[in-house]
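In the part that follows, the structures are each spelled out as structure tokens.
What follows is chain A paired twice: with chain B in the first complex and chain C in the second.
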Partner chain A sequence: MMKQGEISLAQMNIMIYPAILATSILSVPSITMAHAGHDMWLSPFWGSLVGLLTVFVALGLNKLYPDRTMIEASVSILGAVPGKLFGLIYMLYLPHITGLIIRTYGEFIISNALPQTPMYVIMGTMVLVCAINVRSGIEVIGRSAQIFVVLFIFLAAFLFVLLIGELHPADLLPIGEKGLRPSIVGALAPAAWFSEFILIAFLLPFVHNRSKVVRKSMLSVLYVTLSMVVTNVVCLLLMGDMTASFVYPVMIAARYITIADFMQHLEALVIALWISGIYVKISTFLYIYSLSIAQWLGMKDYRPVVIPTAFLCTVFAYWIARGKSDISSMISASANIYTLVMLLILPALLLGIGAIRKKIQKQRKGQTSP
Partner chain B sequence: MTKSFRGPMKRMPFHRQAHMQRGSAPSPILSPHLKDNVTALRAIYSEGSDVTFHTFHIHQAVEAVLIFHSTLCDTELLDRQILGPLIAWNPDSLLIDAAAIAGILPISSSTIVATLEEASLSISGGHPLLLLEGSSCALTFGLSKSEHRNVEEPTAEATLRGPREGFTESLAVNISLLRKRLKNPNLKMVSISIGEYTRTTVRLAYLEGVIEPSIVKEVMRRLSAIETDGILESEYIEEWITDQPKSPFPQMLSTERPDVVCANLLEGRFALLIDGTPFALVAPVTLFSMLQSAEDYYQHFIMSVFVRWLRYLFYILSLLLPSAYVAITTYHQEMIPTVLLLSVAKAREEIPFPALIEALIMEIAFEALREAGVRLPKQVGAAVSIVGALIIGQAATSAGIVSAPMVIIVATTGIASFMIPRYSAGLASRLLRFPIMLLAGTLGLIGMMLGMIVIVIHLCGLRSFGVPYLSPMTPTSSGLWRDVFWRSPIWANRNRLRGRHNGIKSGTPIIARQSSKK
Partner chain C sequence: MTARVTACLSRIAALTLSLSMIAVTLTGCWDRTEINDLAIVLALGIDSPEGKGILLSAQIYSPRQSGGGSPSGSSEGTASGTTIVKSANGSNLAEAMSRLQRKLSRHVFWGHSEAVVIGQSAAKRGLREYLDFLLRYSQFREHAYVYVSQQPAKEILAQLPSLERSSAEAMREMGIMKLGARVTILDLAKSIEGPGQSAVLSRLKIPPPEEGKDKLASIPYIRGLALFKKAAYIRTITEPLSIGMLIMLNQLEDIVFSVQPDNNSKGVVAIKPSTINTTLTPRIRNGVWSIQAHVKARGDIVLNTTDLSLAAPNQVKDIEKLWKEKMTGIVQSAINLAQKELKTDFFGYAAEFRRHYPKQWNANLSKWESIYPNIETGLQVDVLIMRSGKSESPQGVPDETIIHK
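And now, the complex of A and B:
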């Protein structure tokens, strides 16, 4: 076990908050709207059930092996060779998802702020900054997250409070026009984001005050759910059924902001503040990938692999998609199931096998000892 | 055997070896014969030195020699308090030794030395040395005298209300300035001399029972590891012992004010007083304590909260304002309200440079003016500012080399950086302004944000003697926020820096602490 610094439970939850919301705030409203229609603001509630399930799996794995991340625990649960094979799946999946996040960032910046800047400059500078962060260790990641999440929440509050005057509450009606089914189908996309709560299984070994972890994790799910619901409701009340037709509805919402007829077109400011969220998200995923690959290879320190993994993730960001249309297919329908399998179902299987093996061991002990 | 012995000796730090030589080397013990000692000392102070060797006889029988630097010691007192009584002394027996003499002389501070090295150290330090025939011990007297200026008002840290005393170059004066404010035996001042040639006395001051004991141990460890020829200013020490010397952010506070040092001692920090400089070093510090001024506590607390927030705001402005202007005028013109945009565009119409180049020219010119103003004599300094204001403010704008809004931005940035109460804390924002400007000129607001993120990452990893630089913001200890994000009244604000030892929880008022002890 490589112990390199510790974070507090609050810091872990603060890291996870933007790790889920930073990208979901951009595209979740329109994706859910495409399936759930008017009831899209209900979908995050259904999605949060997946979040709770993931938290349960992550905490269960941690209970079996309190000082091991999922990659280390898999070897203990499945044995050396199957465990390493299980880890290998994540060695291939983590750069995939990290690359996707980086690409989402790049596409968003290109289409909204710097249309003429080359993609590699935008993605490269961000990945470089995150790599510096990750190399500084988990403590620094946790502390910088604390500062930037405040900025990120300030952004969301700023955006939504200033829009109150523009909202039309009547757009919320009719509720449940076609029953609950559409909103449950629409919950697939939020559910994929909620499954990112599996980060707990990787970060919890570094948390030093774990006594209230169950309660605090549940609260964390609640905060994420509420934030998603508020985002969806604001988009719905502001743009009505048009929400589904925009790729980044929240950015459209930002254009509505005017303060005293003087401050207008604050999109650039909104983007700059949003970067504080995506920065925490990329850093967290890059850290987990670097840590996992170092643990999988049995290295003592993850720092040497940070720069190579950062480079690999940037390359993956290019490989995963040819253009914008590919990106949007990556974050809808089938891709969501892919994410759910990797982040929820496989860890759940691991937990199941681990729990059964523990039980068998206990029974054997019970048989031999008396 | 020899190998195993040599191994660890080689790895031992140099200063420890030197210390061992000094302590246990056989050569420098004083001999009982006066002649030998005098020859040995004459050899040390042979050429080009101003040491006086004064030979006389006690009771016209015992030969004695007084050796002293006539420029460094108080010769008048020496004649009256030592020479006079000794010549007139009528001892019972002629078997006199150093201890007996110390007993009869009307002088309070005298020390017995036994080695040649100690003897030469005390002579160089300005203390007269008395050698006696037939005694293998010598006696030194604390009669050193050096020139120092009077206690004056500190020039670098002025306050409207508050004590007007500042430290001087004399260590003894500085210690007395501290002692008269903190009348408590728990105020400890550990002495250590640093520098092979300068032998500068450094005093580590702290309040026992208030400071975390591990911090004292750590400072002493770092101080004793210094190997250098000379210490001339506090910065020499600071660079040796800071946690991360390569960071532009100062991790120790340097102050001229005894009241600031006392306040910090009371909050559980330590101070280093260095002989020969009016600046004391205080640590552990955080970014927020670098942005606080003594006057925050000498005026009404509501006013202090206002001033403090103004300072935080302008600290950020001094770092970001030019880059924000560059980013917005280059990339995000839509953010500027139309009327303002028109006037900015009109002003920039005839400027040949892009905004980034314009900003860099002006900022560098401003920094040059500022540096020139600091270094020049006071009479010439005024001329610099007139020339600067006229040329840059007026002529350059009317000639169409820089635009008027740019002048406003640079001037505001200048004022913002003057608002930082600590000169050393302002250096970081002056320096980091330039890379952020470059980022803003290439990537707009996003570049600025990336620059800020890198700075915050750096600050998050920084520590000052084990205390995280951004505490109490992160890692969070909200109990201490009352002295960071606002300033609560004095009676509600008795925080000690992590005073977790002796069962004292940080953040509890002292009154509550005393009642719980009973």
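And now, the complex of A and C:
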């Protein structure tokens, strides 16, 4: 398949940052707290280990086949039929996760901003914009990500700074009241989000300056971890143990801001923040899905499939859940394991097989031509 | 030729389609409700007349009376008369709310309510239902201040204070000034759901109207505290018990203590504290649970009707001693009330033990109810008089009567 556009390493990391944080920033504090209790702010640290592992799997796959995405590499590693079967799993999984992201977006907007608007309008308009973005190529996605991520980080930092006056630092204690176990169990949800770092395996072939990729990817994991920790700490210090009882704790936190009698009702900022992040996230996943389908079918260009895949993902957004309770089950513990299997374990197996085959090949070469 | 015509036609078709798409999107927000279709609620009141059902009242901003200059030409325009109160019954809050909407020609918008007033009758039913609704229904703001009122909440909302735009604004300002316990919806939920399982709310009272004034023109003020154990109302306390309670809660800011030096029974010295800071230090030693409460107060003398000159250090020391005794007495009575009489952890002992002794706390979680009343509370009050105001020696008396030593 021909290369269509190039991005820089920084652009890739900028695309991945909201791809992980956009959805996690709103719901992860309460999901983590359900298991980790008071130590929920420690969980992202444990989760980041999974992130690092995923980064290594992605980089390992790239090292084996530097110019191939995971879907192409699977054919090279496993052979034609098993490779295509491996790809088929992702053909079914990617619309599932993209649909879930789109649905989470729709649910959030409906419950917090536009309760009367039909869901298809909310999700449809966003997917349409993202589809146009994806059709324009990876360079456009990378550049638009650069703009929106700045907005995302700025708004998030702005909200957290304004909240400082309302925080109760004493609430950070006790640390580890029931040992470290709860925080490790609670790390399952952040870990599932961290496994989305496998995006690197899809995006890295388009990166032109790959010399510092290991260091920069680790830094990327670090930034995501710190952002999650800050979010969790702010929620904990503001709401204490009640964080777990809210669906969107960050939304509650933003609504709580009251400074000098006029800086209030800042929840619109959270919505702006969320939309700018989710735009990058949906675009990235839609791109990867369209690209994977095109590569899996052996097409020369991914552009023709963008609109159909976008439509399919929107339909999936309806299929996967009836209401908020179904969405919650899709980000619960078992669903987290499902995500981890898809985004970490299967790629890791692929990498393992690939590495062994490479080694065998090398040995054979060594035997035939000494 | 035909190819060119078709190309031209398809271009026109594309243009028309995209223009019509733009027309669809330009019609505006889907959910828009113009501001003149909104009834903006400034405060809500919850009552339960005769303990049956809920009477929900909303103080609604009335734009007609406040918008611009009045046509009658009176440029004065009093601040009052800009709110109206509407209320509706229901077996629960949500039901009352939907009935309230039916009584109004505009969409009720609750997002701007800055105060929640719970009438004593409704408070006796327990706070659970109200808290759940306030934290679930998406429009309510978690930062709204919560009060309990002696009179029905509806009457509090109906007040049209001449000093502020509305009684909601008056209540919000009082919340900020910390004239009582400053409790938002979120704080309230946290303190009830937290390890302490209790809550303290300020209690509002409407003063009787001044002679010749409209009976709706008085400003509700904070008098006393309402105490809750696990969302259930238990009792109301007034000064001086409420002062002790607020000191232990670290919430007291605006108060004057008067002490009477014994050598001069006629006069008093009034001290206005500038800061009062309370810290609780938990300790578990040999299985004995104790709390060390340390109250640090600094203040200035604002009135002196005794003959003491206050220039001599020992006189100030004596006054400090008296002040300390007075504060210790007040705080101790509040501690006794909480621990011995009501057996409710208002001051957050549980949270302190959880923070500093997580292991012991978790092991004794089920026994906490029996541990709490027996916790030894050591109280230490440190006071410091910083300044004696503009004057040193007492004013309004001849110099000979002043005691200089």
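One rule holds in what follows: the second predicted complex is superposed on the first by the 369 of 370 C-alpha atoms of A that agree within 3 Å, B and C clash if a C-alpha of one lies under 4 Å from a C-alpha of the other, contacts with A are read in each partner's own complex, and residues count from 1 in each chain.
In this text, contacts are C-beta pairs under 8 Å (C-beta built on N, C-alpha and C of every residue); 3 or more make two chains touch, one makes a residue touch a chain.
Every value quoted in this text rests on a predicted model; they were computed, and no experiment measured them.
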item: Contacts of A:86 with chain B and chain C, given as first, second, both or neither; value: neither
item: Chain B versus chain C as contact partner of A:178, first or second or both or neither; value: second
item: Which superposed partner A:148 touches (first chain B, second chain C, both, neither); value: first
item: Superposition-derived comparison: chain B or chain C, residues of chain A touched; value: B
item: Partner chain in contact with A:193 - chain B first, chain C second, else both or neither; value: neither
item: First, second, both or neither for A:258, with chain B first and chain C second; value: second
item: Which of chain B and chain C A:116 touches, first, second, both or neither; value: second
item: Partner chain(s) touched by A:170 [first = chain B, second = chain C, both, neither]; value: second
item: First (chain B), second (chain C), both or neither touched by A:240; value: second
item: Chain C-contacting residues of chain A that also contact chain B; value: 114, 117, 121, 264-265
item: Chain A to chain C touching residues, read off their complex; value: 111-112, 114-118, 121, 170, 173-174, 176-178, 238-242, 245-246, 252, 255-258, 264-265
item: List of chain C residues in touch with chain A within their complex; value: 29-31, 111-112, 135, 138, 141-143, 184, 186, 189-190, 193-194, 354-356, 358-359, 361-362
item: Chain B to chain A touching residues, read off their complex; value: 328, 331-332, 334-335, 337, 443-450, 453-454, 456-457, 460-461, 468, 470, 473-476
item: Of chain A, residues touching chain B in the complex; value: 8, 10-11, 109, 113-114, 117, 121-122, 125-126, 129, 132-133, 136-137, 139-140, 143-144, 146-148, 262-269, 271-273, 275-276, 279
